[in-house]
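Just passing along the structure, written as structure tokens.
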Amino acid sequence: MDIVLMFRFEIILAVLILAIFIMSLRGFDTNVKCFLNTMNVLLLLNFIAGWLPLSEGSYFSDFFRTNGLIVLQKNIINLGLLLISLTSYVWLTQSKYRLEFYILMLSSIFGVYVMLSSGHILMLYLGLEMSTIPIAAMSNFNLKEQRSSEAGIKLILSSAFSTGIMLFGISLLYGAVGNLSFASVIANLHPNVLTLFAFAFILAGFAFKMSIVPFHLWTADVYEGSPIGVTNFLSVISKGSVIFVFLTVLYTLFGGLKEAWLLGISILSILSMTIGNLFALRQQNAKRFLAFSSIAQVGFVLVGVTAASTIGSASVVYFVLIYLLSNIAAFGVIGAVADSTGSESLQLFKGLYKSNPFYALIMAVALFSLAGVPPIAGFFGKLFLLTAGMKSGLYVLMGFAGVNLVLSLYNYLRVVKYMFIDDAEKPLAPLNRNRQLTTALYICLIGLIVIGFVTPIYQYIDSLCGI
Amino acid sequence: MSASTIIFYILATLVVVFGALTVFSRKIFRAAISLLLSLTFIAGIYFLWNVDFIGALQIIIYVGGIVVLIIFSIFLTHHSGQSLPKAKTGKKLLSGIMAVAGLGFTTWVVSQYVFKPAPGVVPVEPSVHNIGIQMLSYSDYGYVFPFEVINILLLAALVGAIVIAIKKSQDTEE
Amino acid sequence: MDILSLLLVLPVITALAILIVKKDQAVRWIALSGSIIQFALAIGITAYYVSLRQAGATGNMLLESSYEWFAPLQIYFSTAVDGISLVMILMTAMVVVAGILVSWRITKQVKEFFFLIVLLSLSAYGFFTSTNLFVMFFFLELAVIPKYLLIGVWGSGRKEYSAMKLALMLMFGSALVFIGILGLFYFTGAQTWDFQEIAKMHIPIETQRILYVLLFTGFGVFTAMFPFHTWAPDGHSSAPTAASMFLAGISMKLGGYGCLRVATYLLPDAAVELSWIFIIAASIAIIYGAFATMMQKDLKYMNAYSSVSHCGFVILGIAMLTKVAVTGAVMQMVSHGIMTALFFASIGMIYDRAHTRQVDELGGMLKQVPFIGSAFIISGLCSLGLPGFSGFVSEMTVFVGSWERTGVFYRVATILACASIVVTAVYILRAVGFAIWGTVTNKEYLKFKDASWSERSAAVLLIIGILLIGLAPFLLTNLIDIDTTSIAQRFIAVVGK
Amino acid sequence: MEQVPLSHILILSSTLFFLGVYGFFSRRNLITMLMSVELILNSVNINFIAFNKYLFPHQLEGIFFTMFIIVVAAAEVSISIAIIINLYRRFKTIDIEDTTTMKY
Amino acid sequence: MNSYDLSALLIVILPILSFTVLGLFGNRFSNRTSGLIGCASLVTTAILALYVAAGYFFDFGLVNGEHVKHIALQFQWLKFTDSLSIDLGIVLDPISVMMLLVITIVSSMVHIYSLGYMKGEDYFERYYAYLSLFSFSMLGLVVAVNIFQMYIFWELVGVSSFLLIGFYFTKPSAIAAAKKAFIVTRFADLGFLIGILMLSYNTKSLDFFTIIDRLTQVGSPYLANFTATSFMGMSALSWALLLVFMGGAGKSAMFPLHIWLPDAMEGPTPVSALIHAATMVVAGVFLVARLFPVFAISAPDALLIIAYIGAFTALFAAVIACTQTDIKRVLAYSTISQIAYMMFALGVAGWGEGKMEGFTASMFHLFTHAFFKALLFLGAGAVIHAVHTNEMEGMGGLRKSLPITHFTFLIACLAIAGVPPFAGFFSKEAILSSALQTQPLIFYVGLFTSGLTAFYMFRLYFRIFWYNPVPEHSHNHETHTWAMNIPLIILGVGAAFAGLIPFGSFVSADGKALELPFHLTFSIAPVAVGLIGIGIAYLLYGKKNEIPDKIASAVSGFYQAAYHKFYIDEIYLFITKKVLFNLVGRPAAWFDRTVVNGLFINGSAETAVATSNAIKPMQSGRLQSYTMFFLGGVLLLAALLIIKFM
């Protein structure tokens, strides 16, 4: 029974994938609404099941391990999954490949779980690949759009390249430590030429997935080209999960190289924040805009990562939770606008508050959260990251973070300005609201407001990170 | 210098030469064949090292699977004998510089580091038998979990590839 | 629930009520009654505080309470007040009531407008009452977006540019502040945000130096300290009347309060060593702001620059570190808060009618709208430091206090500051002469109606405030005496006396 | 048995690796880029096997890693090829220089 | 609190009460009611002032034959430190009581006069409110116990003057004049303020009498400290006192801060009589008198400078007065000249037996001047009221139509010209004699000025009342009503007989009675000079003739210069408009817009945008270039880490 509980996330996912196959065999997926609603209910159940009692431990000779924090991270991912499924409702009703969408998405999630639970670099690698490859396929799902295909090929090829780089680093690391289970790496890792070299290569692999500058260049193009649900998934689940794993990688796996990675991470953090924000400055496409914004956000995450302690990981996990809600909400609104107009231009948001106050407010809350403006939860998320970052006393890093707070505020306020201050030449008609999207947006909204004030959430995260 | 060493160096040279042909050849089909050969010689090196299983895997999956897939796709997307468009010289130069710099750097790094073999251990024969047992074992050093995981990956890849590449009838009508 | 939390809960309730009701008129009345109750509450708390003090309560701050918030990060929702924060709260409450009254005739998106206004007031109350630096920062930041939206949506002129500039510059300031606060959190050895705790720590001078400059500059941005003042002129001039009143009256005081409470109080050694930087900045702001004011043609620009100049006195007083100067700075904050609110209110009333704020396009206002004209003149006279109004006592206190710092440098700075009173007279009289006196230049102006009841009540309220401080400054100084003493206590070794 | 020095093997793999990198950077055809990726992965494989054999023969870690790399590569290639075919079929190009509709 | 103290308090309180009532509810009253409220309160104060003066000079103020100071009231208003605080209070000593008398009497006269003069004007109640405010401020100023109290009321006086000058606020020239008056005096007050700061810092007190004590006692450590540092040959104390004097010079229109006073004539004429002739302008003299012991004992060098400034101003203003054609301006320059008289009288005085005569003389002149100058202004007001112009051109031959005005005006002119036995004779006599004792040069200047004074005053007199044989517009204004005539008569009596008071026994620097010297032989010279002046004036202006123009053209350069007030206004205008506005204000505003905002703030925003554009090619859409960045990043990172940590 313990084992079942330990593996419940993976088991449920496998069952879900199986169920979809069965449904497809029974022709169940032809009834679009029924199928999608069933899926949403199943994902809700999946989310609820994640909160069943916890069982810690490791299995399969450290290939799989679990603890409170990992369970929490998986739960956060599950929440994101559910919300993305809800926000993609309209797109899915129009798409021919809703069934495949779910299969691929769930496989990717499976990869994420593997990655999160990994106790061995092999599993880390497998999880990473497994969470990426299906998405590359998914981002090509708008088959008739060249942008979508481009996104797919860019993602898969650059991902393959990055995997190659990372594997090269792993192979050298293997040469240095002899066994790639976490325990062995931790025990045998010493800073020397080879390990530092290997570390840089491995770091780059993770940095690629998190779209950290200068490994980020695929991000904007892929985000722009992919269907919006996939973009959402990429920006939230892929990125969030890799951030979670990254914590383990740095704090545990490469704890022996702390001096070195502190420097590396600081530099990457500064680059990410600055370049992400600078690029976001000019964007007119909503998805590209959010792509660069998410690059900058990761830069902030790295600031928190530098703390290398409980507060570091707690603040990062907390932030990812908030970031997930904010981004899903923002993409939800963008999706609603794009679905009815067929365009993702930010210009469409002009005067949105007058024509669609609900969407405008949700978008504003999401953007404020991303910008880190009180009383939205993003404020706390961002500031806790900075609080964690200050622990190492890196004034230069903090200075850049400060400047980037300003830059990012400009970026988000630009959109807020469109929505609240500017008038549209041709106002949008009131967008239709479906129950699924509205539910998801409300969940995000409430989450974004509540998470900052209901402190047990942070305390819970903190207590888990303290283990 | 023993025979195996000499064979190794020959194989290594071949691997590099055909690898180079893969990336330098202007004819795509020729490039594909060079890749095939290069991979095959790598398999040769594996055989030389007595890791027969991996060598076999290399031939089956790489040579028999991946490269064939690639060649198929070349057939699908190219007219025969078509030369590849020339890359810009600047780009080539830049790529070359980066590759050479990287190679130099890497060589320097591995030459700096003294690799230490694990002391006094009993080697395990990389036989198919041993590999098979470990592959499906769930005790220490058992790889059944990743083995299962990769199944799902392959499944997903299958589904994804089908969705994208399959030619549905209604597509052609449009 | 303790009484200070009530001070924060009330605006929240008001804001929620505003969100719920439908009719514009109801929104206005809810906002007004909420703010009046808040004002009454503030007075009540002050009375209670005074009675506690008279009963012999010691301790730097009274009415302390603390709730757990983010316990793992030592963030507690702690509140307490002392005399300084009380006078700031009173000032805020007064300006809020006046601001709401002045905005009575807003018709565009009424609900949102008053919601944001109440939110702004909440941020000020929170800032002044919290003793936890993080919470303080929370409230400091809380005000940024409402300000942006108020200017952007309800503003005029180059509102987008101004609003954006304001938001960004204030964000820059808060970023500096936050880094400074983090430094205090980590490097004082206490791992606490509670500034009363931090005050007890001995912080190494190297750390102090960095943090002092960061914090003072950061809060200085809010106070429109040279050279970070340029958000003020554009922001004020584009903002709707009530927002200008809040910006200049309250928001700029958040900065001053922070400079005093956080930067100076917590880092005494660095303050002694490095305050010269800010004395220079303040002197420049005072005299240069005054000269720049002289050249302005737009009334709001004029008052905005004059605010820069006047807030220079606040910085100067704080940086001079003597008890009298600090007292003067606090008085100047309160005085300027009310005075500038009145100034903006009367400018706003004129603008509502004439749709211009250009000095040379106006004229004859005193004849046409005597009440508004008189209000303008009164605020002008207060601004130029006429005895009987609040400006005089506060400026003089700053001067006397600054003069207590011996040394040529401090003397020169003080003299420069004093010199500004002449320039102030020039620009105030210029504005009064051209815009308020004189003959009506435009036939349209003959149709103007004098102030409505709401405008009258707002102006009267603020004038009462100005006069109260101007005529009975001892009320104010007695209230804050114990606190300025305890602040000045930290510098006695250097500054003397 | 006299062995080839490990460093020579590493130089071989590095050479292969950077050959792949060069190909990936300079070839305009998507399929040749894919082939370059295969070279990169193979160089990694050589590393793993060599380390396993030379340094840590008591476990089969490197061998297993290689196996998984090969399998994953297969999956990756299949998806890539699918996308390439789709791209070619609909947009008649597999030139990387043409897949630049999204930029800046 | 005895009845005297209470009266003294009431003197100060009543005007502010009437101000409050008129200011808040004035628009609900009829003009008549407003006027009566104002008059009633001021007349009451005048009566109370007489009562207090009588009490002080003959009863409670007289201790062992000396007049000692009496603090009627004092309370702490604003505490800075334990030793420094602004106290408000009422001190009664010879000079303050004397000033109380002057102010209340002149003020009540003006209040009454205005009932007639301002009849039918708009904002009548506001006028009375301002007048009351002024009276309050002036009274508060003279009874100040604390130097800061004096500064407070000093500023209030300034602002009420500003409001009254700008009373015709629709008239551009009035607006300009009001601004000018306020700004010039404000500039002077800056000196006063810094002087206060220096004094207070060095004596650790703001209390007048403590300051005086600490700076005059021999061996006082405060004094030693204060005089220890010196700058440009003068001790810090002297500088502080000179700065204080600068404030006084501003209010009292000493050269070169006199320029506001002639313009201030834009105000209603009664206001000029009250503020710009009798009371406010002597505040500077009063200030120096208040600190006289410090000046005389510890900083005689400062006092000397004051004396010379006074002497120069007296002469300078008198010369200008000879050329002006606007009758109020003539009076204004005359006022400047007369105040300068008082000022140098203080300047030539010293401390110690026999040297303090100048002090008493100065106060005496202040006292008598108040009467005759107020009278002159009110008379001029009556004339203007009748002919509706300020310019001499429109006047002449008015003696018939304005007999009462004519008669009182003549008395005033005789008084100011120093013709015995009118008031001015005695006070001027005392001043000149004290000047002769210490500074002969100043004596001669004073003597010459005295002649000039007689000349220009009678020039004025003849020009108004004689000159033209027949008045063109002879609508008889002797129906001026009692309201305007009674003050003229009362003041006329004062101007005629105030000099007969044995002033020295009441007011002196040290409180001891002082007999002002009176030598018949000495008087000959001044009186003769005065008569000569009158004679010349008669010759030139007794009848319409060509001689004045001829003389004017004969010395045209000098005449023009004097007529244009020696171009001082232009110099000021140059400094303010050209230098301050163009060289400081405009550059400051420009710097702020362009450099601070443009370069620094917008510049950083533009830099961000420019950087954003500059790095745009990074995101070229080319996968291969992306991966090149990737590899480059990896290699650099690896290199960095290896270099840094190996």
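Order of writing sets the chain letters: A, B, C, D and E. Residues in each chain are counted from 1.
What we mean here is this: a residue touches a chain if its C-beta (ideal position, glycine included) is under 8 Å from a C-beta of that chain, and two chains touch if they have at least 3 such contacts.
Note that the coordinates shown come from a computational prediction; the quantities given were computed from them, not determined experimentally.
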For this session: Going chain by chain, each one touching the next, work out the least steps from subunit C to subunit D.
Result: 2
For this session: Using the touch definition from the top, list the chains contacting both subunit A and subunit E.
Result: B, C, D
For this session: Considering only mean CA positions as chain centres, point out the chain farthest from subunit E.
Result: B
Exercise. So which chain ends up closest to the centre of the protein, judged by Cα positions averaged per chain?
Worked result: C
Exercise. Taking contacts as defined above, which has more of them, A-D or B-D?
Worked result: B-D
For this session: Could you give the separation in Å between the centres of subunit B and subunit E, each centre being the mean of its C-alpha atoms?
Result: 101
Problem set entry | Whole-Å gap between the CA centroids of subunit C and subunit E | 36
Problem set entry | Computed distance of Cα centres, subunit E from subunit D, in Å | 95
Seminar exercise, completed: Taking each chain's centre as the mean of its CA atoms, subunit A sits from subunit B at a distance in Å of 31
Exercise. Could you say which residues in subunit C touch two or more other chains, in rising order?
Worked result: 168
Seminar exercise, completed: Touching at least 2 other chains, the residues of subunit E are 616, 619, 621, 623-624, 627-628, 631-632, 638, 642
Exercise. What positions in subunit D touch 2 or more of the other chains?
Worked result: 17, 20-21, 24-26, 33-34, 51, 55-56, 59, 64, 68, 72, 75-76, 79, 82-84, 86, 97, 99-104
For this session: Any two chains that touch count here, so list every such pair.
Result: A-B, A-C, A-D, A-E, B-D, B-E, C-E, D-E
For this session: Name, in rising order, each residue of subunit A that touches subunit E in their complex.
Result: 153-154, 157-158, 161-162, 165, 191-193, 196-197, 199-201, 203-204, 208, 214-215, 217-218, 220-221, 259-260, 263-264, 267-268, 275, 278-279, 281-282, 407
Exercise. Okay, in this complex, where on subunit B does subunit D touch?
Worked result: 1-2, 4-5, 8-9, 12, 15-16, 19-20, 22-23, 28, 31-32, 35, 38-39, 42, 45-46, 49, 51, 53-54, 57-58, 61-62, 65-67, 69-70, 72-74, 76-77, 84-85, 87, 91-92, 94-96, 98-100, 102-103, 106-107, 110-111, 115-118, 121-124, 126, 130-131, 134-135, 141, 143, 146, 150, 153-154, 156-158, 160-162, 164-165, 167
Problem set entry | subunit C residues within the subunit E interface of the complex | 165, 168-169, 226-227, 229-231, 233-234, 288, 291-292, 294-296, 305, 323-324, 327, 364, 366-367, 381, 384-388, 392-393, 396-397, 399-401, 403-404, 414-415, 418-419, 421-422, 425-426, 429-430, 433-434, 436-439, 473-474, 477, 497
For this session: Name, in rising order, each residue of subunit E that touches subunit B in their complex.
Result: 624, 628, 631-632, 635, 638-639, 642
For this session: Give every residue of subunit B touching subunit E within the complex, in rising order.
Result: 91, 94-95, 98, 101-102, 105, 109
